[in-house]
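Okay, here's the structure, questions in a sec.
Naming follows writing order (A, B, C and D), and every chain is counted from residue 1.
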């Protein structure tokens, strides 16, 4: 039984704690959050320990591994602390909004073999995984073009947005990683991007965008397209399309159930998609945790690493440079 | 060039005349209808001849073949006349509402080799044909269950209904034939049926029904299900499903185009189906006519024969007996 | 926390025990099965108690409620024992293969207010529930025709089949109940059925069938169609279609993920459906258990009752009479 | 009856002549092609006149209007000749591969009111039209992002390609126009493009590409994405997606019929799409011709003009500049 401590008891932290409950090989033994109310909610009437500080958690010999779902600004510190304490860590993305902090962290943990997993949960989605498996199996010949559509159902609050580092660092980062997951060893080397506040006027006021189109070229010359919108009234839209020399693959959206309505002028009406990432990627979070348990137990596990976190951020940086320059920017 | 005469210039007659125009091997040379206005409409400013009577048409040496789209009560007479005149005939279904009249007609034309084709147009629908081809090719192993869904978008007028011979003779007749087309040599031998006026109260007043469920058993023991409704607010619904020992086939509905709408709570919304049989079976009518041209030209043509018309009517008769008796009735 | 005892540790029992684990308001405290190995598997290294007998479970004051997933022949006995012991019971379907035993059991428990829930899990499937909600909300006007398609991916073993009471009592029973769930207060009053061994020759040898078509008429005259196959090579097929005076509803199948493949001659290819009832109705089992916890806690819960179990069996009996008589049989 | 002359009797010319046959208000009266065999094929046993030269056609008082489907290099000359002769012209795209030639032609015909229609047939596709109508009706609020997917089933021959002016001028030109059609008055002002030979090695040898991704920004700041492939083994892929502030629209592909196959591991299999533009855009060609007949008859007709042809080419030029520069280029 893997004893896990959870740092950060916000919405995603709560979700992680629920996911751990469904895993027969792990349990939450300690939690920490600066908000005692959030802590109390996760603990409920269980015997989970409320740690006074993150330091206590890293020092606790009863804690085998750590899940970090706290504010982004704390991620790099906790990764360094976990590595120093020899505790495997599953850390939410991004590692930091400042790539220099990430590079410093990389130096700090260099040489260590303490497992670090970044929370790119989409890699564990059964549909995305099946698409990648089909690519690897050569089902569509050579991949030539890749398309990732990623639209949130509604934007986060203005408070969140002013500290989130910009849509491309905060939201597109998942798509950069998902594209890299699909591309295998063939890394993007060039990024061109355009981004603007087209949906919500409030975005322009805080110098934020809500629509983006990004094109990348890989080392082997493949073409990759990412598109984002912070707000899609019809629901959380998560699609991947892979065009190959002998076929095409699409992973499309999921509905809560299979009911379809037929009325005059509106046939085959679906009710809508699974609401947001908590619902859409529920299975992915469960499988991600299981992979982390393997990783923490020293078993082979194909998980997104610290370097994957760094590389996704580097693509976001290149995209921001391109938005300014109007040029394709080298990564 | 096959010189065709058209008897009956109502809605279906007009459609036939338009279909002939698209066929490079045939043309309409003469028309007849008791309604001179209908005749004038089909002729327009063309040099098609307005025949004074059906007799004139059968006597006209310039007429190679005849299409009959007049009232049902005239069909058997015209078939006999066409056979007597040696003119190939494509006659709309049903041959007659009275099976005794059909049997008499069968006797009258027995021994003749003048081609008679009954207008079971659905046999020529590309989707239905592809389904049958897949059955014949053994794609789903042995067929064990067959399902035909057939719902009209709206009922005919009360005037029509009072002379149409009842829903099962008028509307289901197409489904009996389509089922026989799919079953190949394995004929239905037993029919059980229930029918009632469930949608429109006006039906009960004229002793008519608007909903039916019919189950047939074939000589080989296969199970066949037909279901009808005279009125489907969401549109003309025409589906076939074939269940086999190693797979399943479905021919589903057609939309006028591929546009889908996505809104909050209503995603993947299609606009609706092709309106009614004229639109839904447009291609089928075109292919049916081409097969008739082959038939009239003495070429091999796989078309529904007089006997097919008789057998579909015999199934309708058995269904009506079953509605009364509550028993499965032998055909 | 509701303390549940589980009787029967076969495949479905194991599933129930896993489902209980995901419910924060319930836990398994005791299990019994005649097979000690099965018991050991469910207990694992937990502190669940292995009861020496079913009697021990009903006598155990620590047991608040009972889930029965043992052989059908034991169901009625356990229902009587649970009612006598005052313990709420969730019992798998069917109550018994012999309707006289069910009627005797009904008499025995008459007047008691101990909650009895029959395991018609499909009533809790989100898609089926949404369809029923749409019916109740009048979205399609008046319901006139109902269609239930239910095909298993592969047949049970011959051993199981020889004791299962026949396909209609064992498998169709779910569809009778699902139809009743959709129909609300309007009960089926007449049943016509045909059934035969069309897929697997081994069925004929044990006097069993593997294909059925059943038509029911309700008190209000509605038409209901059920169709079954014991073996569908393309997967577990569970569909409901409801035809109304102003629209239509379909609840269609679920896939494990949204991946679609596009190749020459085979576009939009789905991988297949969720494998069988354990996978397809996973959510339904979870919601069913939660409803049972409500029921056991004295809260209002809309669950299938003992009478629902009896009525579904009565429909199966009528269907078997009809298969023999060729007539529509009154329920 | 509009008397039309056809110049160019290749594959597309033949298609145009067939389309004219289905139009009750027009007929082909004369044809010209440098290849007498092609001419003979179009004429068949009809009384269509074989014109000795294009000049003869423009001088023929019996010719009311002209359709041009000859080599691209002749288009501008024929447009000038038609305008000079006062004959309305429907000319296939592109006007010329050299934008200077197009500009010269524009000057030459300036001030004339002889109708010139460019053959951007996709504007008349019922699905594309319905999508645009929905945009204009404000169904998805304000349009913010537009996506056009356009993939040919197989590349043209090397001979054709070496004279076609490059994929972006030859193939993408349709997508530039389709995007402009959807955007209404809001013109693209900036283009970024990447293109490479990724599928077929033969492309690289002739300095041609077969995959492209193009992003445009409009005057109002909207984002537009075009993607092309010269070869899609799964078939001719033509999709449009429009993302708006309150919904989304997709026009998806068309299949020849509705048959779907279900087998183990491959459910809901469609047979494939309508083969290529002749089949996929059959209806569009028919409606395009009807609009041209209106135009030639002096009736109001919303058709792509000479300027539309010029503007699409200008976008292609900007795209080629961007491929070289790596920068977003102003149109």
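We adopt the following convention: a residue touches a chain if its C-beta (ideal position, glycine included) is under 8 Å from a C-beta of that chain, and two chains touch if they have at least 3 such contacts.
In this text, all values refer to a predicted model and were calculated from it rather than measured experimentally.
Would you identify the chain whose Cα-based centre sits farthest away from the centre of subunit D?
Most remote chain from subunit D, centroid-wise, comes out as C.
For the pairs C-D and A-D, output the one whose chains share more C-beta pairs in contact.
When the contacts at C-D and A-D are counted, A-D has more.
Which integer distance in Å separates the CA centroid of subunit A from that of subunit D?
One centre to the other, that is 42 Å.
Can you check how far apart subunit C and subunit D are, centre to centre, with Cα atoms defining each centre and the answer in Å?
57
Subunit D: which residues touch two or more other chains?
Expected reply: 233-234, 246-248, 253, 262-264, 271.
With chains as vertices and touches as edges, which is it: line, ring, star, complete or other?
Shape = complete; every chain linked to every other.
Show which residues of subunit A lie in contact with subunit C when the two form their complex.
21-22, 125-127, 130-131, 134, 139-140, 246-254, 256-264, 271
List the residues on subunit C that touch subunit B in their complex, please.
Per the touch definition, subunit C meets subunit B at residues 141-142, 144-145, 147, 151, 192, 194, 196, 198-199, 211-213, 215, 217, 221-223, 225, 227, 229, 231-234, 237, 243, 245-248, 326-328.
List the residues on subunit D that touch subunit C in their complex, please.
Residues in contact with subunit C: 233-235, 253, 255, 262-273.
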